[in-house]
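Pasting the structures here.
Both complexes below contain subunit A, partnered by subunit B and then by subunit C.
Entry: the complex of A and B
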């Protein structure tokens, strides 16, 4: 695997749209060619090299390409958008849409990320050591086909509207989550290791949610049906099992309606 | 004084019966002229290419409030699907199944179209319709106000007051700068206000106690009383349901005994739109089947009818119609998002996204039904290509529809992708049809026929001297047609040249100029009718939430009008 190191030496005045910073776009290119790729600051298009120094060449394919971003990327958006393979390591913070619509590969952010990270995700892995903003692993605006697959791990807290319209894949939040988790969900798993604020699983049809801590305002559409012993993300525990959202339409499988499951640790 | 000469092309002009003759077409000051009268024209070399009049779309939802609702509630329709900005266009382009106004104009022009008839204008919202017409570049637009659920119309027709209904119709056409009489699910959209529907043509409308059959017949009589350019344009009852072909045949039979009275060359008294949605057999989705042949046998035998296809293109699209109850029904089938509205006293509307998937049996049968309708037709001057944009598919798929109609191989290629191919073949007769349409027939279905049915064939749809110089040149050689149907599709998707009003607008599929577009509307003079004036005043006083003075379109909303005048007082 070959490593391309981007160092932000000339920070943008506005947010930088960095959707070209992916292993797919860097593969097969020399450092000098990578520096000519387009990025947008507001509506103005500039070469990547205007903001970043580029060291190292891309690998032959996306799979063989690793990108390391140094410097303060708090205002760089869309890194790893639509990537299919390879690896990205962001040494500090990053802005919105990191790993949006990603299909494969791995992104590791050592700081915090802003909203809309991992939206429309189909595969791959997004790991955030800090906090995430709103709409983590959610569906893009208007879209009813949300996260399809892959894994998102956030060590810290997440904002609101996590996993809206989730269809598949797993999201693990190490800290607390704000309101709205798996709204309209039709599959997939969300694990919140801290507390959740409320509206957990609203209009959810299918899929699983685990909350290790407390739900401050649980929804009345969920009904407790029993207790279960389960291992969740490597931790064994006893959970209260709820089904819901009972106010919603539910598909029928083998003559029985399918419900979404909500588990809270006892 | 701009002069153009389009030289040596193979010309297809069904209005004059010209079938691919090698001819020159002269253009002077925006009109077509005899080539001999030109002094020093610029020349377009069309040798080895097909020359037709600019395309005319008889039925498409491109402007107005429900189209805009579709744009607003489907942001995902734009994501990663928009080409942003072409270097040769002045405005950005967005959207796929519900494109922005700008993209609508550009994409129609790229396909060689110059006239698009907006299929449903809610009268109360006509200012919005006209604002979007202004913002749709290049193509000329007309818009048909909807009458089939209008309280005035229902009351007049209930009492069989054709003369009064005609006076009201003339008033509303002027108030909305409308083009003709559109009828959507007659009575049914009004019944939707009670949470009901009119499921067949004898099912009475609640409160008004008039049947859809009476509404349609009354409106045909009104239309011929006034002598409008276009006929009644009907989206009939019970759209989209298994077994609805009997309702469709009954609706078509309502036109029996009526003959067209007009001065515009129109020969039909009823246009039945998106016929594909109305030609189904069976009594459930399980035994859903095509009844295209039964319907087309009737249409073929009756000269006072025209139809358009409403071809399903197997895309993800956005359905939108003034048939409010149908959209609710559709939403309960696919569980996607739903928008719904009531337009006071006049109509309703709904919007629901829909995915026509090659993996779903009903969708692939629908695909076959649309093509069967065209392939069973014996008169292509009365059968038009549409996708009921965007209901059965986006208009940008017309080139694909043309390829399916012109090539059995193209149909076979698509059928190979069907998950339920055997069942589709069993439920339809598409596999037994070898007919391949000719370029002449395509010219009939996409320009000459629609122009004649709309009553505008003195200006659009043909290449006779004196007509508008709207000319499309396609890179197709009729003497050496490509064996690969994808080449046919490509040629119709991006025309080699489009001349609009004598101005070269498209070259090699790219927009190179944006000539002024027009709004076409019909101004009918009727004798003064005190009763109708009083009825209008009373309804606005008692029922409308707007004042009469604020209702009619203000002049500044009307963009570059072209008025078709009809005088019934003489």
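Entry: the complex of A and C
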């Protein structure tokens, strides 16, 4: 695997849109060619090399390309958007849409990320060591087919609207989550290891949610049906099992309605 | 002999009353009387001729004062600001006509700007919910003629839409509602006991920020499942009573306002309200409607959706690709994240409505206000361009809160020399084209943009 190191030496005045920073776009290109790829600051299109110094060449394919981003990328959006393979390591913070619509490969952010990260995700892995903003692994606006697959792991806290319209895949939040988890969900799994503030599983049709801590404001549409012993993300525990959202429509399978499951640790 | 003009549309709120009678002095210069309008609509007409108006654009000077300049100079300044900025923001449009909005969109596209309207801080969350979940709505006429159960949720029309209740929802006698308010059940759901709640048959004091939970309880109860003894501060018996009334209605309408759009959860509160409306249609006929604020704030949604496919928060910086994602491309977020470097405030008052932090961020860059009157935004601007008042001095199309277009007319002429929003934007558009042509003539070596400030 070949490594391309980008160092942000000339930070943008506004926000930088770096949708071209993916192993797919860097593959088969020399460092000098990578420096000519387009990035946007508002309406101004510039070569990547205006803001970043580029070291190292891309691999022959996306799978063989690793990108390391150094410097403060707090104001750089869309890194790793739509990537299909390879690896990206962001040494500090990053802005919005990190790993949005990604299909494969791995992104590791060592700092925090802003909102809309991992939206419309179909595969691959997004790991954030810090906190994530709002709409983590959510669906893009107006899209009723949300996250399809892949794994998102956030070590810290997440904002609101996590996993809206989730259809598949797994999201693990190490800390607390704000309101709205898996709203309109039709599949997938969300694991919150801290507390959840409320509206967990609102309008949810199918899918699973695990909350290890407390839910501050549980919804009236969820009803407890029993207790289960389960291993969740490597941790064994006893969970109270709720079904819901009873206010929402539910499909019928083998003569029985299928509900979404919410588990809270006892 | 003073002239009476009948069936005049009112340029105040989203109800768009079109039954006003305006009396104009015989020289056609002064508005003498306004009949049928509410106190606020009345004031808008009288303000046009009863107060000192700004008649020329005003440019901020190095000593902080304003100096009158010509419209040509103002157009040139505005075009240069938009041309030189990397990401200008054009925001407002609550109080102008659709012709002005279409012209502004042309400018935004040519300048590579972000185009946003007041829905961004108002009913924008309704758009997001509508994208996700549809909009089972109707016209106000249907509500007037058919509805026997009315729900006001998080809305206070007694103050914000003064004639809404008397024209469409509670008091009018319609085709199938001949008994007026005697045959209607009014349900008001609000954390505060508002003046609207005073006319309600049933008032539910929902716990602030827990509307979503209450909607979920209504939906769960409507499907026959058990609900907890108390949800969002409302007892189970009361929830069951209200859902029974809703299920037994002949025709119902939920009118909702900022209580849903701007409490925790925002679009999700509207989203679940739409889901409840859909559920209730399994039993009877129910509709839902946003209580849109300004008389033509529904307009930009209609005009820009037709032009670009999105109603608000349009990022046109890539010119041939329109991108919309509120949270990123919405005005307040752009300002707070320091993501724009020029600001045009048109037909609204961002100085009064935006969070002070957002105003401070925007004020770091050139700020242009386009408004007939002196307002907070005009007083902190680099440039203030006065225009004619739509509905009083300028005619045009406006969209009522139920998406019905109405042709507004003018009752008097604007002050001498004052132009309309549409003409102003057309002139800025033309000037932008000239600047582009000048730049192209210079060859490919485009210099880095330099921001234009009035102080310089």
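In this section, the second predicted complex is superposed on the first by the 266 of 266 C-alpha atoms of A that agree within 3 Å, B and C clash if a C-alpha of one lies under 4 Å from a C-alpha of the other, contacts with A are read in each partner's own complex, and residues count from 1 in each chain.
Just so it is clear, contacts are C-beta pairs under 8 Å (C-beta built on N, C-alpha and C of every residue); 3 or more make two chains touch, one makes a residue touch a chain.
Everything quoted here is computed from the prediction, not taken from an experiment.
Colleague: For A:92, select first, second, both or neither according to whether it touches subunit B, subunit C, the two together, or no partner.
Modeller: Neither partner.
Colleague: With both complexes overlaid on chain A, does A:28 touch subunit B (first), subunit C (second), both or neither?
Modeller: The answer is neither, since A:28 touches no partner chain.
Colleague: A:134 contacts which: subunit B (first), subunit C (second), both, neither?
Modeller: In the superposition, A:134 touches subunit C alone.
Colleague: Is subunit A touched at more residues by subunit B or by subunit C?
Modeller: Between subunit B and subunit C, C touches the greater number of residues in subunit A.
Colleague: Is A:203 in contact with subunit B, with subunit C, with both, or with neither (first, second, both, neither)?
Modeller: second
Colleague: Which partner does A:47 reach: the first (subunit B), the second (subunit C), both, or neither?
Modeller: Neither partner.
Colleague: State whether A:142 touches subunit B only (first), subunit C only (second), both chains, or neither.
Modeller: After superposing on A, A:142 lies in contact with both subunit B and subunit C.
Colleague: Determine where on subunit A the residues touched by subunit B overlap those touched by subunit C, and list them.
Modeller: 140-142, 144
Colleague: Can you list the residues on subunit B that touch subunit A in the complex?
Modeller: For this pair, the touching residues of subunit B are 73-77, 79-80, 335-337.
Colleague: What residues of subunit C sit close enough to touch subunit A in their complex?
Modeller: Those in contact with subunit A are residues 85-87, 111-112, 128, 131-132, 210, 212-213, 215-220, 222-223, 225-228, 231, 264-265, 268, 271-272, 275, 279, 317-319, 324-328, 337-341, 449.
Colleague: Within their complex, state which residues of subunit A touch subunit B.
Modeller: Its residues touching subunit B are 101, 140-144, 249.
Colleague: Can you list the residues on subunit A that touch subunit C in the complex?
Modeller: Residues 13-15, 40-44, 96, 115-116, 134-135, 140-142, 144, 160-161, 165, 179-180, 183-184, 198-199, 202-203, 217, 219-221, 223, 245-248 of subunit A touch subunit C in their complex.
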